[in-house]
């Protein structure tokens, strides 16, 4: 595990953008799985500046690693978020976008293997220790890409999730196959979980603890998120 | 995970030899970690036939992944076993042999990283679910290469082990960094553990269950060892 | 460059089979480009014994690297030869066979890139120094996969080729992208060309001389083919 | 070959820095060969800002690919230039710096192989088509790392070079082994050579033409250097 600490959100976003651009600049197909949410917003803003309308990055293919379908909508929450944050402003060709869905998730691991696997995956960390859609005590570390039906009885269930009936996600086995994993976390609110996940026991109660086993994991933090680590 | 089943011990040993020779035939330094014990005896007999006194495999470097020191002896049980089974009959140059010892184990992970990492590791499976020296309930999945002092209170301790006070072993994090992992198992006595380790929950009670997470694991079995699997 | 010399045709074929099987045993898609002709006949006989009707090698995809169309026939000379020598007796699934043709050759380099590139390519050496369809003075070292119309004026043209009007072949740039190149040659008739191609100047008069630049080239010879080399 | 065109020197330097930082951020030893001269000055200025006194990049090892000894001085022209431009201002540990010298050049290819090979090499292009120390008509494409004694009769010899008696350089075979090659060129004066080297015949008269054969070459140009290409 390699831990890079940026002074602040701007610095960690710049570091993250650089790593992604490094991959994107290869002279070959590059398969990249990216995350929605708040943490990567500035990473995408910076990437858009370079990538928008550039012919230089047609070799990059984009994948989402989890998805929550919304009834009555053609596309789920994650891919919609990624389109808004990055894919639309960067004018990415539709043929370079590969949505994971409730319909195709059983084919995801094989489909990725057929194109040479994921080169890089950008993920965040949940305050409860989840990563991708791998939720505490719901995940099995032996999962490939899988689907969960939500019962409302889950420890991580919150009332506001009432409309969500199911989701799909790449599981730990799928994530271990990614050649380079980039975990980004900012803010003091997640500092304790950063420490627990990266230095505590490996247990399904803290799904992200499994990331300690990945052979090429780069963790990018701001100083607040790193504050509980002894570096 | 890819599971190859040979008809018998001869067939599975032939398959294993082929995979190892495939790596050894690359035009670059190849770092290989190999196992002692009974299972690989025929693999080594077959390899010796090809490798003995051949200048073709000077690019291959050998590592052991665990070691049990013996008081009053210059070398431990594992490397002595490897010398007898393979390194001596194949006339391997001493400079291509890199013993792991109680003295150098804290340097092992860094030393491997400095030479580009292990390309391939050949391991066996214990009837109790151990692999390398990762013993049930003694291992932490978050271990790099580590040392264990034996107290005699361990669940896996047996009276015959009375002389063994300590051992060192590459841990799960170290093993996940190996580019290709080859697990060989033969015989009906281990058929149940093959099933448990490869298809059961990932838990420190069954250390080899963690191998399910490796991104490039080839399991080579004879028909007896595979008999509990539904393939 | 790594040069392996087997005592005879049997020994060099066994070595070659082992390297190919090593790749085929990976737990991921493996893309393999193979050669027709006489040299690999025994390699394929040996491979068929292992692969025929085995479910273990469904991850292997086969490509030909050149093709000569025959008027009035659905398939060309190379793929027909490969079917007879290996693909038919080994019962390879049609979906794992990817013929290069005069119709699709302009798409070949992109198509290979899309599936992660070729892992391994098995090639032979022509007595005139050609490899794949890269003919003396006809090839440009800067060629990707390309098509040649035969005029009859070529230095390498022979009367018996009168029916052949055109062919397609992967070019030097395409071949340099292969991760591991295996060149097999047997017999004293090619011993001089082995020496010229592997140790002489790099020139388009001896197309195979460009192989000296490949970063991972394994040459497998019998003692006769190696007889002009000072090893 | 992937060609990235930045609007100007600042933009191409930013792109280059990003690619290098991407590699440097891996959680493993990274071997990087870098170039002296004028073209990379801004790349190094940008890198120093990130790397100076940071513990994050201790995994990066630096190599020079050519060297010109200076009589009476402990170190040659290239490494001295690299120290001034980057290694000193970035406070790189001496143990991460691996100078190529007239004394050790015969060991260079083996030494690089022992540490897993070069991950990335940054090179420039000479107005006469040279790259590294591979000079027109002096280079053989079949060279590994080699030494040249200067006679003064070379086509590329200039009076100002009168004090230089010899130099060493990695050759084409060595450079083809680098996993990712980054060629940077700026300015209109080199626009014609960019076109000749990247699209013309592969010949020892234009040493850089051999780069067309590299399987992972990224060319980074400003608009002036790209002006003769039809992109």
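As written, the chains take the letters A, B, C and D, and residue 1 is the first residue of each chain.
As a working rule, a residue touches a chain if its C-beta (ideal position, glycine included) is under 8 Å from a C-beta of that chain, and two chains touch if they have at least 3 such contacts.
Note that the structure is predicted; figures quoted are calculated from it, not measured.
Of the two chain pairs examined here, B-D and A-B, it is A-B that is joined by more C-beta pairs in contact. Between the Cα centres of subunit B and subunit D there is a gap of 41 Å.
Between subunit A and subunit B the centroid-to-centroid distance comes to 33 Å (mean Cα coordinates, whole Å).
Touching of two or more other chains is recorded for residues 28, 215 of subunit B.
With chains as nodes and touching pairs as edges, the resulting graph is complete, every pair of chains being joined. Interface of subunit A with subunit D (complex): residues 1-5, 15, 17-23, 25-28, 50, 55-56, 59, 180, 215-218, 231. On the side of subunit A, the complex with subunit B involves touching residues 140-142, 172-173, 176-177, 201-202, 209-210, 212-215.
Against subunit D, in their complex, subunit B makes its touches with residues 28-29, 113-117.
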